[in-house]
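Take a look at the structures below.
In the two complexes below, chain A is the common chain; its partner is chain B in one and chain C in the other.
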Partner chain A sequence: MNQVLFEIKKSKKHEVKRWLNSQKIVPYLFVAPFILSFLLFFLYPILSAFVMSFQEVLGFGEVNFVGLKNYKNLMNPHYYDALSVSFRYTFWTIFVLIPVPLLLATLLNSKNLIGRNFFRSSLFLPALTSVIVAGMFFRYAFAEQATSLANQILGWFGHEPLTWLQDAKTGMLAMVVLCVWRWMGVNIIYFLSGLQNIPAELYEAADIDGANVFHKFFNITVPSLKPVIIYVVTISIYGGFSMFAESFAYWSYRSPGNIGLTLVSYIYTTGFNNADFGFASAIGVTLLGIIMLVNLVQLMFFGFFKKESE
Partner chain B sequence: MVGKKGKKASQWIVFAVLVVISVLALAPFAFMVISSFKPGQELLRNGVNMEINLDAMSWKNYWTLFTENNGIYLHWFKNSLLITGMYTGFSLFLSSIVGYGLAKYDFKGKNLVFAIVLLVMMVPVEILILPLYKLMISMKLIDTYLGVVLPFMVSPFAVFFFRQSSVSIPKDFMEAARIDGCGEFRIFFSIMMPLLKPAFGAMMILQAMNSWNSLVWPLIVLRSTEKLTLPIGLASLITPYGNNYDMLFPGAVMSIIPIVIIFMLNQKAFIEGLTVGGVKG
Partner chain C sequence: MKRWGSMILVASLVVSLLAGCGSANGNAGGPEGNKGKATQLSFWTFNELHAVFMDEAVQAWNEQNKDQQIELKSEVYPYDEMHNKLLIALQSGTGAPDLADIEISKFANYLKGSTPPLVALNDIVDPVKENLIMSRLENYAKDGNYFGIDYHVGATVMYYNTEILGRAGVDIDEIVTWQDYVEAGKKVVAATGVPMTTTEVTEHWSYFPLISQRGSDFFNEEGNVILDNEANVETLQFLYDCMYTDSIAVAAPGGFHHSEEYWAFMNKGGAASLMMPMWYMGRFVSYMPDLEGKIAIRPLPVWEEGGNRSAGMGGTGTVVTVQSKSQDLAKAFLASAKLSREGSINTWTLLGFDPIRWDVWDDPAMSASNEFTEYFGDGIFEMLLEVKDELSPTSITDLFPEAVSLVQRNVVFKVLKEQSQTAAEALKEAADELRAK
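Up next, the complex of A and B:
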């Protein structure tokens, strides 16, 4: 008797196993981890961020709906500072981190270059460091003492020492320098891989037509790299507006005169230091809106959508 | 137009420019190493600079680094290793299986799932940190390694990457295995995984690097000093009243070394992992 029961159990188990292994069910099992993680760690948090942005979140799980109050509160000098720092930081990083790596990638790609691999690796090495570790060097290189590296270099040009990390302009410079140092190599790699996909015949044809280096760069290289440039600009906008680490590396949570206050550090200080979750969520919602909008404008500017409809 | 001599000259200019840029890229590493041998007080007094006074330099800082506060630095190092290992292992396994499912099967809702993957890639995680933090509190995962790893375990970027890599593998392999009576899971584990080895290599390095260096989320989840990861532990040493400045630069140098070694051994995989993001688009 027991034996029979056991056999039935066994065959049932077998059947379940077969069903789970059928080509109809299996794909759902395969994508299930993503679906679960999406629902729990993306959809739920993002919806609750939207809801919280209309709430006043008190301790002990109590909440009050306050309508647009949190959004009205955005009209304050700190938010403007954060907006301005994030915008300027994004602008300057893109301003440097598109043309310069593009040019360097072209140089690295030139024929008969000695030490190509060495250059490529050494330009990429900074990307391996964390912002905190890299920031440690830059924080003390930009120290205010006359003996700091940055001030020593100024001294060569007969310039007075600066208090780099106390002033809005030099503070911005410090953040951009940190980002550029770490990220230059990554963008070079992006552009290099794009360059290697350009057919050599294009350049040969241009040579026959007597085109010079600049003609070739602007008429062949740049247009061929357009998809890569769009990609890099898109992720730079994304990274620029959600920057927090660079500022944290220089000033931790609070910078003098808000010179390092970005949108994300504002979310951080309001949320975790002031425990004002509603207001912090409202900042987050505007950040999402800004990133989406700026990227949309950028993609339209580059004719990204036009290309697809043609 | 340009003669042979002109061409040679231009090659040298290119070379010279690249040498200068490489020096700029490498100099901070040199400064970090040099500063790691200087007394912390000097760092505080003078900042990082070009002075080298061999007499004042010593290995003492490294000794302090490993012994100070019951070897707290080694704790951080171990935590970083553990979290990086956990995160990399889970995320590779889960993301590869999702990416493969999306690439190789036809099922209802497939396009929707793929669209969601792309959407999630577009939204900065920084917006989610507050609600995620509340979620971690209710799941009792604050100050745990699982709390650091769990919310980002299925990385949309890695899913996308594995989908792209699986698409190009011919379906014939799967058909042949099915005829031999191979189950769908076995097909993935014993046929697809070996074929996807280069993709695993590239993603492993990229995910490990991201996890090793990540700041924003561990900064929120981890609370107690002995549970911190390297970047956060190092950042916590910088306090106006701290007397731990001896540890700063040796700590920074030691935290870079493992990742540089991995990079030196697997340069190709690094670069592949970075460039598949969408460059071909």
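Up next, the complex of A and C:
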């Protein structure tokens, strides 16, 4: 009896197995988890945010369509402040987080460096900390007493203590410092993996031709790393515009004089403090547009689309 | 074989993950409990102490109501997280607790629309109405329905550092008007070099109490924006003058009176006085231990003779949500916890708050010594009884959360810290923005 059941099960199993192994089905099966989570957790919220951006969410279960009102409301000083903070923050983080990790990665890649692995891991370590925990530390480091870390460093140069977190320029610096501290290691890893793919023969040939270190860096290393650089710039643009946690760690959701108001913290304030979900969605939709536009321009600038047309 | 093993492993992982989700979204407070016939109620708050207070109240309730036992499940979340979670649970119609704390500056968000997702509490408020400071309940009311019960009155008072004022030869009982206060401040600065007070430049606790004391507000009773009226401009100018014309005040270190920088500064005798509500007493006890025995509490100086000597500020309303399956029990419990005499006395002894039931203020239990009387001395409630009729209600509209955030981020910061706008300009700009909504 058992034997028969086992046989039946086995043949059924065979059929299922064959179906699962067929070349038509398998690819879909493998991508299904991603597709499903994308549809459920990304596409659906994006679409409903788009719909909500034309609505006024009055209360609990009450909505009104208000046409373009939310988009018209975008013309306000807070939105401009948020745009300006996000642009400046993205600019400064990329300004620091491309060249410096590139240089450090080149150093870490050279076999002559003592304690290579120690530096690699210690530079990567900050990426593993929670931004809120790190933010608490930086919040106290940038405190305004003369005894805070940042003010002590200023003190060595004979400078007066500053109220770091209540001024637009120093506030921006504080955010960029936190970001650089956290992401330096990640970018170094990207560049290191790129560096290891550059064939050693290129450098040997350059040596024979009598090129010095700088020639080799600018004529071999940088051009060979172009795809990696494009990738890092793209994710940095995305990361810069979607920044929220750094600002939240310093000032919660209300930074004095909007000095830390990024587009995402503006969405947060509008949605959760003012309970204006329609307007918050409208800001979100414009954020999506801005990131796509900036990245397209950047990719065009790097000639990313040329290859395909060639 | 190995493959089967790994598949089972994956399957069990998935199942345990799903089970994890299930329990996290589990029914919040159904009528059936785990322990016999005790009803389970859930309570969300953002303040550890409030949870302690409610747990104490449940014990008292269970002793008095043998046939209606309650098992309270208190959950404490960070401030923002709790308010966001609650807003989403109420918006989506599922997952909200039976009882929750909502802070006053967020409360309006939960009263939006024509059918607020909160239960009207009039039937537990009405029986004790004449014993309550009703201006506190108006803050959580809409269309004649009361939706929240506060923990405290939050009467704003002046905390004087008697040591510093003594050194300057100032008698605090002779400070009657704000004019006297400024004069005393000048004496203090001249004699000791210490500023008379600190002003918040990134929050509103230095500004809002002052305008409320004068009978003004952000919105009038009809809900219209009056943020830029004459009294408000004058009051902001007064704060500016204290800082930059008379030089008796400095910006609070850290920007506001809840920053670590400020506590360290004040603890070392950084300023001679501080205006904050009564609930700030707990911060003195916890964060400024060196000032024990040196702080005296007095009513605020007045703007003109016979004017109000205090202002009710801040607060947290406890609500019952419409998603609760035991609304009546939740209401009865809330009444016993916060509206009864015993509950009111506990708000003082456990939390150090001035209870909203003023008829307990002269109860002997209120003058028994505890950590607060040790720190501040006796007679706190005698002083409060004097000013109990001098607290104006504040007008809370849909736009209140936004108004508070505008005052914090723009108005006081730009006028008092950056000095990039005048009082009139900054208030007009903020008021116009609110009116355009």
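As a working rule, the second predicted complex is superposed on the first by the 274 of 310 C-alpha atoms of A that agree within 3 Å, B and C clash if a C-alpha of one lies under 4 Å from a C-alpha of the other, contacts with A are read in each partner's own complex, and residues count from 1 in each chain.
Throughout what follows, a residue touches a chain if its C-beta (ideal position, glycine included) is under 8 Å from a C-beta of that chain, and two chains touch if they have at least 3 such contacts.
All of these numbers come straight from a predicted model, not from anything done at the bench.
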Touched partner set for A:152, first chain B, second chain C, both or neither: first
Contacts of A:58 with chain B and chain C, given as first, second, both or neither: second
Touching partner for A:162 - first (chain B), second (chain C), both, neither: neither
Which partner reaches more residues of chain A (counting touched residues only), chain B or chain C: B
Chain B versus chain C as contact partner of A:253, first or second or both or neither: second
Contacts of A:272 with chain B and chain C, given as first, second, both or neither: both
Touching partner for A:140 - first (chain B), second (chain C), both, neither: both
Touched partner set for A:176, first chain B, second chain C, both or neither: neither
Touching partner for A:288 - first (chain B), second (chain C), both, neither: first
Touching both chain C and chain B, counted on chain A across the two superposed complexes: 140, 143-145, 252, 272
Complex contact set, residues of chain A against chain C: 58-62, 76, 140, 143-145, 163, 165-166, 252-258, 269, 272-275
Interface residues, chain C side, partner chain A - complex: 80, 83-84, 87, 90-91, 93, 106, 108-109, 112-117, 201-202, 253-255, 260-261, 264-265, 401-402, 405, 408-410, 413-414, 417-418, 433
Chain B residues within the chain A interface of the complex: 1, 11, 14-15, 17-18, 21-22, 24-26, 28-29, 31-32, 35, 43, 45-51, 94-95, 97-98, 100-102, 105-107, 110, 113, 116-117, 120, 122-135, 150-154, 156, 159, 183-185, 188, 209, 212-216, 220, 230-232, 234-235, 238, 248-249, 252, 255-256, 259-260, 263-264, 267, 270-271, 274-275, 277-281
Contacting residues of chain A [partner chain B, same complex]: 21-24, 26-31, 33-38, 40-42, 44-46, 48-49, 52, 104, 107-108, 110, 112-115, 118-119, 121-126, 128-134, 136-145, 147-149, 151-152, 181, 184-186, 189-190, 193-194, 197, 210, 212, 227-228, 230-231, 235, 238, 241-242, 244-245, 248-249, 252, 264, 267-268, 271-272, 277, 280-281, 284-285, 287-288, 291-292, 295
